[in-house]
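In the two complexes that follow, chain A is the common piece, with chain B as its partner first and chain C second.
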Partner chain A sequence: MITLSEEEQDALQEIMNISMGQAADALARLIQTKVALSVPAIEALSPEAFQGMLEGLKSSWSARQSFVGSIRGEVITSIQKEGCEALADIMDFDLPLDKAATEELVLEVTNILSGACLQGFTSQLELTTQLNMPAFYYPENAIKNIDWSSVLVIEVDFKIEHMKFDARVLIGLSEGSIEQALIPIRALLEE
Partner chain B sequence: MAIPITIADDSALSRKTIRRVLPADWDVTVHEAKNGVEALEAVNNGLAEVLFLDLQMPQMNGYEVLHELHDKHKKTIVIVISADIQPEAQALVNSLGAFRFLKKPISAEELSDTLQEVGLL
Partner chain C sequence: MDEVEFERVIQQMPMGACIINEQCIITFTNSAFFGGLTTRNDHLTGQNLLTIFAEQARFLKRKIDSVFVLKNPSFSYWQQRPHVFPMRSTRPITGDESQMYQNVQFMPIINHNGDVGHVCIVVTDVTAEASYFMQQTALKNELERDHKKLKQLHDELKTAQKQMLQSEKMASIGQLAAGVAHEINNPIGFVRSNLETLNDYMDKLIKTNETQKKIISKQAEPRFIALLDDVYEKNGIAFICEDLPELVEESLEGTERVRKIVNGLRDFASPDNETWCEVNLSAEIGSALIVLENEIKYKATTAVTLPEEDIVFWAKPSAIRQLLFNTMINALHAMQPMGVLSIECGYNNKDILLSISDTGCGIEPDDLARIFDPFFTTKDVGKGTGLGLSEVYATVQEHQGEVNVTSELGKGTCFEFTFKADLR
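And now, the complex of A and B:
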């Protein structure tokens, strides 16, 4: 399993911090509400543990997007079910949300948060990736055939207290991609 | 004479990045602080005529540092460099007396323009 040095860990965290700042700004401007940010958590996991993490998303609505290019992996946006209606209300959805509207809401928020998080991350590291369309994701339909020998998970949390809105974005990178991402990070640290 | 400046940020990469984009012809002595407490110490010890201040830091965050400087009527020129770029963060920082709010990732050009605007270059 991959191990990061303290400096690499700090650098990844800072780069992700900037990316999630951009994502939160995009959401805050859309709904005219301040979004609280967490400190990004970075963890190296076995594929089984990553799978377990995904299966644990049952109290949330989730959507996944895969990305390909100079690094590849999965971005998963997971929104606590409890805060969805309040957000939907601000975003002018008809309440109560039916299945189709829920999926539409989740996919829209995913596009904003996952897109900005990944875009911020790759542009700072001058990597090129292409993000595929998000798909609604039910944890019971586990992501099969992850043949990655090790996964690096970067997790960030967006909260809007008074709405009970709580969304997590997980970026999973495969082992080869971690190495690719570390090349520009090490260069930044050496300059 | 060289101006004492302090870069306050908990991330080593971020402190390094700010050092890297400082104008080459700006005569300064650079100090570093890893949290708000160290940032205030630097100000009190005369090491921060200009303070580059991150907002999210452990122990004491950037907002608390701004409050403290404001309450004590300190003359330090504070330039906030933040990853949280939401309109509310910018408004709060401005109300607390920061000279400028710059977004991370910071570029050399942007920093140079800002220093010129506030009359430091």
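And now, the complex of A and C:
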């Protein structure tokens, strides 16, 4: 299991606060609407705990998007079905949403959120990553063939109050990438 | 590599590339993009992307805006939006599709200031993958349909098997009944004949005894007579002489009833011989009523109207028996206690008319057309085979007869059969 020192945890938290704020800002600019966000929660999870977290996404639309580069991992975005129409409206989609349009909306919002979130913290830590194309995700089956023992998950909620839009972004960092991400953090702490 | 070589690489890349600036003015297209388009434009460079591809303008603008604002790439998939740009299929000879299926990426090109100066739109031809995917989907749907059909068939087979088992069970019940009837027939035969003999003996004994008593009362001493009277009284001989004939009479009646039941069982169970013969319909009705006596007595009273002379016609006896049995059983099942099961039989010129009616729940009008369908039943699963009335119908057909059913919900149902009296 990954263990972060208190200092490392604090530093990472600070970086996440700033970068997620930037992400919310970018999103707000794009859709011309105020976006509220939760304080990012950073947690190292066992495969079982992570599985449990995915269980909670079943009632929402979900999409996943992997990133590769100096750190690797996956972003899973889940969007509550309720607020989709309202968001689609301000994003200039045709209403009512049909199946294809709903998928397109979810993938687009996923791409925007994961792009914004990831860019914020990689640029702060001077890491380079590249996002791959997002894909729809149905976390119905348990993850099989797990070859990792822990994953660092950064969880942020984005909300647009007046339209019931609620999206949760989970950034999962692979085991090797955590060490990679900690290098610049430790360097910052030593300064 | 110099700039010219780089441009040549981009020109020759097997994917469409189109670069636009912040005003959506096209600054570059490679040959795969330009050449792939089905719309004929002399040149694209310098023109507004949203004007040229006006049909997708809203979508393109949304995508491009997000790239400029967020500085992140954006994507579009063939599944949701198969043909963003009007491009022809790259399989013009062997392909089933006329338009190219595309995945599109919108990539930010960051300038020296760290801002997005341009967006590069990369169009990837995924026609082959899309086509394969769609084929697989069609195949999957077909398989699912087939699977469903097979499952249905399997279920039907299972039901049929169950019904077969049921009819086999009925057949073995028939055999059992025949066996039981045979076994009972012998002992009940000698019980009856012994009882008849006993009856005769008893008559003689009682008469002899009476005569004896008369003679003694005239000849003997009073003391001896008093003694005899005392013995008679102590043993209740007077009562015995009175009761004995009644007991024997009742026992004889009992054996007669057993005999009738046995005969009924034997008739019911007699194997399906395919031979036609003179069938006594009146007698068959009688024996059906005996077989069903147990069912009837808690459910209904019977009203049977038969002409004095027996109705005899040319028929298959076992089939007619089954017809009566099935129709009556249904009538009984339709009734709450106590209903009336009416059976009427008579002649109309050369036709034999038979009507069996009940005062039961009646048949839903929608169901009425289906009651003779094999396996149609309104009884709970496992309770009815849905074969009874289809057998009835088959028998009617075989005898060139007719059957007419009238029913009123809550009032009852009437089956009217017409058979030919001169079929032979």
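FYI, the second predicted complex is superposed on the first by the 185 of 191 C-alpha atoms of A that agree within 3 Å, B and C clash if a C-alpha of one lies under 4 Å from a C-alpha of the other, contacts with A are read in each partner's own complex, and residues count from 1 in each chain.
Methods note: contacts are C-beta pairs under 8 Å (C-beta built on N, C-alpha and C of every residue); 3 or more make two chains touch, one makes a residue touch a chain.
Source: prediction; values computed, not measured.
Touch criterion met: A:Glu7 reaches chain B, while chain C stays clear of it.
When the shared chain is aligned, no partner comes close enough to touch A:Asp157: not chain B, not chain C.
Of the two partner chains placed by superposition, only chain B is touched by A:Gln22; chain C is not. By the document's definition of touching, neither partner reaches A:Glu175: not chain B, not chain C. Once the two complexes are overlaid on the shared chain, A:Leu189 sits against chain B while remaining clear of chain C. When the two structures are aligned on the shared chain, A:Lys34 is found in touch with chain B, with no touch to chain C. Contact with neither chain B nor chain C is seen for A:Glu85 once the two complexes are overlaid on the shared chain.
By the touch criterion stated above, A:Pro134 is placed in contact with chain C alone, chain B being left untouched. In the superposition on chain A, chain A positions 29 are in contact with chain B in one complex as well as with chain C in the other. Across the complex, chain A is touched by residues 11-14, 16-17, 20, 56, 82-89, 103-105 of chain B. Touching chain B in their complex are the following residues of chain A: 7, 10-11, 13-15, 17-18, 20-22, 24-25, 28-29, 34-35, 37, 39, 124, 188-189, 191.
Taken together, the chain A residues at the contact with chain C in this complex read 26-27, 29-30, 91-92, 100-101, 103-104, 107-108, 111-112, 115-116, 119, 131, 133-134. Here chain C touches chain A in the complex through residues 58, 61-62, 65-66, 69-77, 79-81, 103, 105, going by the rule given at the top.
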